[in-house]
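Structures incoming, each one as structure tokens.
In the two complexes below, chain A is the common chain; its partner is chain B in one and chain C in the other.
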Partner chain A sequence: MKKTDQKNATLELSRRRFIQASGALGVAAATGGMSQVVFADGKKILKVRAYGDLRSLDPAFSQGVIDEEIQSSIYSKLIQYKPGREWGYQLDAAESIEQATPTTIKFKLKEGIMFTGGHGEMTAEDVKYSFERIIAEATESTNKPDWGTLKEVTVDSKYEGTIVFDEAYPPAWNIALPYIVGNIVSKSAWEKAGGKVDTTTPSVSGPYMHKAWEPKQRTVLARNPDWHGGSAEFDEIHILPIDDESTAQIAFEAGDLDYTRVPLGSVSNLKASPPENSTLEEYPSLFYVWVGMNVENEQLSNENLRKAIQHAIDVPSIMQASYFGAAQPSTGIIAPGLVGHREKSLVAPEMNIAKAKEYLAAAGMEGGVTVTLDVLNKAANVTTAQVIQATCAQVGINVEVNLHESGAFWSLGDSSAGERYKDIQLILNRFSMAPDPSYATAWFVTEQKGIWNWERYSDAEFDKLEAAAKAESDNTKRAAMYEKMQDLMEESGAYRFITHEATPVIYNNGVKPAFRPDGLPLFRYFASA
Partner chain B sequence: MLIYCIKRIGLGILIVMLAVTLLFFMIHLVPGDPARILLGPRATPELIASMSQQLGLDKPLPIQILMFFANLFRGDMGMDVITNRPVADIVFGQLPYTLSLILTAIIGAALIGIPLGCYSAINRNSLADRVTGILSVACITAPAFVVALYSLLIFAVYLKWFPAVGAGEKGDFGDQVAHLVLPAFAIGLSWVGYLSRLVRASMLEVMGENHIRTARAYGLPERLVVFRYALKLAVLPTVTVIGVGMGFLLSAAVFTEIVFARPGLGKLIFDSISTRNYPVVMGSVLVSTILFVISTTISDLINAWLDPRIRASL
Partner chain C sequence: MLQAIKRICGDPLGLVGLFLVALMVLSAVLASVIAPYDPIALNIIDRLQGPSFKHLLGTDQLGRDLFSRVLFGGQVALKIALISISIALCIGVVLGMIAGFGPRWLDNIIMLLFDTIRSFPTVMFALATVALVGPSLSTVVVIIVITSIPTYGRVVRTQTLSIKSNEYIQAELAMGASTFRILSMHLLPNVVGPLFILASMDIPTVIALEAGLSFLGMGVKPPTPSWGSILNDGYNLIRNTPWPIIAGSIPLVLVTLGFTFLGESLRDLIDPKLRKSL
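Right, the complex of A and B next:
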């Protein structure tokens, strides 16, 4: 049966309506109340959760995943991520696209892709405008680095163009064309809007249009009747910003959502007793979590102490305590499925008390040592810190944990924000990334010292490999380079890799979802089951 | 009465200015570069410098606060640097959600708590009084976030009587009311217990006073004595407490708005502090402080209106 809108069951306070609503709820419960997407006022509405609120509808100023989940539903790209368990792409606005030379990509647009608002058909001029405005200094786009060495886009005909790079830039296929900076906007609409838009958009070409934004409450997308791909599945998609995953889970169980990510801690319970007519799926995540050590700190400059700490941290215990067994230990900073992922780390995930004591003795600290560990005040981090404290204590390393709220934490290693970066010893850190290894390694080069390289790690060989790997188009050679980079990081003793976490998602069986291999939703491909 | 009103309003303005100045300096004491946090990890140093300038962070703190007040007197609360919208639009867009939540919670609590306290006082030491006492204390000790979570589980997940998250469809009053029930219950429950204990104690004190004994001696009906002569006086401290309580409810609203994923001032302040979005922090703190000052001023004025002795002391 069709699930009625929640409001119909709760608003009327008369006895008759109450009895009717109770009866309906009873029937719904008996027949599987969450079996289909919401039909409200005759509309087919998909209700989904995002972990934050919309910030910008301009690809040049998008602040990451939250904005992209919306933008990828309303704009077209030459190629889109292919839903599934393996990374790949599929054509969207492009009829054909190919790497013509190491520094050029040739594309041909499909004919008849229309922009809304009377802004005409999409042409190669729009592609040129969309990509070049992001690298233009005047735009001041924070997403400019995603385009790497992009030089220009040449227009070869109305529908054909060439993307030209100064140097070979293979990551364009992974983090530029199918991601934020690959969104194509209407040149005429943008120019009319003054070259920049914020939380409204003058024109779109994707399956959905931006209908409304109610700050902190929802973003509403409506079906785009002019979409070149036919008719979008849903009349509307309501994207609800819910930062707390537990709240989102409750909202899902209450029937307020059709899809959400759930906390790792809920996975075993949801597996044991899943809500009726729902499906739980687990995806690996691209996040990487590690314990970094400031190599320029007086105490931690002792490599043997760093190595003692590496061996004193028991990653499997952290997986159990902080991630409830739902995540796996990582072998580095590059997640499985990506080029450069290592099958094994140099230091085994399990703690090795004997080796840790050996290194501690070599460091001249047999009598014990006290170090600090800076941590962001999230539950999983706090538990991880406690596990580290406990296992390190077994070898004589006393760990003092400093908790920080997010604003304070994210400026800890920033050398332009005072002298605090000098006092950092151990840091429990967690970065997100896009599906290209260059996105992970970019933060650990010497140039990033005092910016995002809080370990102040510096290795000429690493820097050289990082620059070379970005331009290497042979995937085998590229993989070897990234594997070597992670070896170097680990050998320095400045890093203890913890996990890539996991992305458990739940959806009602009335929905046929579409996810990237890291479990992030691709709303434009969501359908009814 | 007029002089009293003017004095209270003047004092209120001073309190607002002092509180906002104090909070401004406190926020800036917390480490964290707002420009870097706002722009994200991929921002270049040039972009960060440009954003700092845009936020006015390159100026000394006293100049920044003076500029804030100067702009405020011109009716300009600044621009949100993330969404590029006026701060006033953002703050006043969220205000109705918090106001409706707080008012529903406090009015609901008063409607239940005051009669409950009154009943307990009239039936002092009865079984009902003792049960009410235990329940009231239980309500007082239950933290709002615990009540929020359990009410969500019981009334939204299992019974499906009320929606779990959000604030309802715009323009659909019924839907908005439905979305208000659980959050208001979560923050109002402890006030039910608190008000009932307060009214009970106050009623017991008033009921022992001479004018009540005289009223009874004149043979006035008990109902008239209780509601007309005793409750009117007993409710005075409650009015004061409700005024002050608005401040506490504002902070309780933060948790509630997060748990129920509900828009509102509390969540706005929380989010903007996390992102160091200073213009929005200042705007929302200013409006919350004004809200608090207004509520305490109103409760003082109501007290003066209800109690001739206060008016006479002016």
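Right, the complex of A and C next:
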């Protein structure tokens, strides 16, 4: 480069910087300074919080939400979750997609979707490769179950293909195509990389590219200049892994983050005095929390005792004490907004001392009984356990709380990890969930006993309904099946449903965020306000 | 005894220490009389209240009176500290005297045992033990006993080694006195003095360890009040109210200061040669 060119470049850079800085100052003046981080370092940077660090950039080995928040920004899918308050999808790489028959989905790709790194245009071959490698035995993908009964993908033309299932699999529209296993990778890039990638990726086709990963510090995504959707909104997205929500809130208030989830306990304070130029939004969550009872335990095999415990737990008190009134009692394991959600549970959320005592007497334990409650050592759980302890004591049920650290807790009900599962009596549990009811019920079938079914609940009717509901494409019939399954769970006395929690999020007004109906961020759709 | 108290009162720091320790002991012993509320009774409607005449230190997330929980938490802390230090002291004295007075090979074995225990960082050892057997009051006691024995044992062994070659011990041996008699009548009275100072200095350490484990949810089981679990509640509620943190930390600070001042004063009393030398 000649000297004069260098000088011009410097001048140009200065001019650009000046304009950006002026713009930033203008916005800062208008918004009180909160949005200045968007223009930090002369670039338009979005700084967001994730609750954990990147683990894999390979859709076949994605470890869940944390990885997917990144992957959904760098890869394309046939369809993406639609931002908003109601579950739905919108087209992404697909120009069209339809359920052709109960076991086939036909799609046509948009033309001109380019993979980075010189890996060419996206074709139906890439879709076939992406989906089939996840179900291939050789891949040993941890996410294979999300594809359910997927058999193969046939290539009908360069841009057209058919997704073929062995049996009808309606959940594909909710938890496969728009989620982790729906990410489309470049066949040539992946084959060149040996069929598997880790925390780097050879090629992407989404609005952002993976630029850098500093373990436990940040993941940096940069704008993909070749994105088929035009120009992505931000030069860079910095995703900071911050485990503790209170810490993340402090970072947000200090202006170091543009978006974060905040603790439920902060909601009332943030509503009363929100940080300047910020917006708090509350979304219902898909998580489900419940107290399970081991039906094979000698004491808890008494159905009347289980029902006494169901009626002795006061869920509204738990909502106030553990969730600061920011969450609602649940009616089952399927959250509002999803097919199969029950409007009402069979056992009212409020405790019923008379009924609890009645069941206790029927169990032959009028004189009182002592049971154990195993709990993961987290603040909300410990508080919940103490509320349960206090309300159960009112009917003569003495609850001994056993706190466990994470490693010990998650092996409690695993029958392959020893004999401890036999000692479980009551257990306070919390599962995450994808937006399809099958994702909730799958863990309570008989074959899951000793794996995730720690209550060791077994009901032939439940198992039959679970298998049938997964293949049912009529949503009305499907909903009835899932409602019935939750009725059966509750009637067994082995479950006391607590809550689906809630997802309160806060963002600065310089950002126009995009969330799924459960409050999870869709960074690819985040924009400047 | 009165003379000793008089001398401690003559030292300003000793007086402060004695006052704080007495305050802690009395409030713990009389907790059930002084506490205005049941420390585990829930009153969710009154949760997260600030200090008032009704609740002197406010309430926690379950509406429990923090003042009552602090008083009963003191009872738990004192109980754990006294029980565990007493047991550790007894075992440490016996093992230390055996090591110092016994044959060389036995001394080596006991010292190897002490060194092995001390090679584990206390907190790591505690966390591992709790993960294996589960949290409870007795687990905390066992952890403190095991980790404290080497401290007392080593001090006693050193004292025993220096005393056992004294002429009056040799004379006793020559007269055919039994080992038990020599240990109990001559060695023990000479080695216990420094141990009391050590023990009084150890009490705040033990209380802090119990509070630390309870803070991590690995100490006493809920709903038993503990200063550590009050602090943990406070940490989780820090953005809602500062009072649980304040309520949990004040007694810890006061007890640490109290026992440290008292221990130093006792040391000066028992061994004037060490006065102000540390």
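The working rule: the second predicted complex is superposed on the first by the 495 of 529 C-alpha atoms of A that agree within 3 Å, B and C clash if a C-alpha of one lies under 4 Å from a C-alpha of the other, contacts with A are read in each partner's own complex, and residues count from 1 in each chain.
Operating definition for what follows: a residue touches a chain if its C-beta (ideal position, glycine included) is under 8 Å from a C-beta of that chain, and two chains touch if they have at least 3 such contacts.
Only a predicted model underlies this, so the values are computations on that prediction, with no experimental measurement involved.
In the superposed model, more residues of chain A are touched by B than by the other of chain B and chain C.
By the touch criterion stated above, A:N377 is placed in contact with chain C alone, chain B being left untouched.
Once the two complexes are overlaid on the shared chain, A:R218 sits against chain B while remaining clear of chain C.
In the overlay built on the shared chain, the residue A:Q320 is in contact with chain C alone; chain B does not reach it.
When the shared chain is aligned, chain B comes close enough to touch A:P241, but chain C does not. In the superposed model, A:A408 makes contact with both chain B and chain C. Of the two partner chains placed by superposition, A:G337 touches none, neither chain B nor chain C.
In the superposition on chain A, A:G450 makes contact with neither chain B nor chain C.
Using the contact criterion defined above for the overlaid structures, shared-chain residue A:G195 touches neither chain B nor chain C, since it reaches no partner. Of the two partner chains, neither chain B nor chain C is touched by A:P83.
Note: residues 405, 407-408 of chain A belong to the chain B contact set and to the chain C contact set alike, using the contact criterion stated above.
Residues of chain A touching chain C in their complex: 246, 249, 263, 265-266, 268-269, 317, 320-322, 324, 377, 379, 382-383, 385-387, 389-390, 400-405, 407-408.
Remark: chain C residues 40-42, 44, 47, 61-63, 131, 134-135, 216-218, 221-223, 232-233, 236-240 touch chain A in the complex.
Residue ranges on chain B touching chain A, taken from their complex, read 30-34, 36-37, 39-45, 47, 50, 82-85, 90, 93-94, 149, 152-153, 156-157, 160-170, 172, 174-175, 177-178, 258-264, 267-268, 271, 273-276.
Those residues of chain A whose C-beta lies close enough to touch chain B in the complex are 6-7, 9-12, 25, 29, 33, 53, 55-56, 63-64, 140, 142-146, 198-199, 214-218, 240-244, 247-248, 250-251, 253-257, 405-408, 410-411, 414, 416-418, 420, 431, 443, 452.
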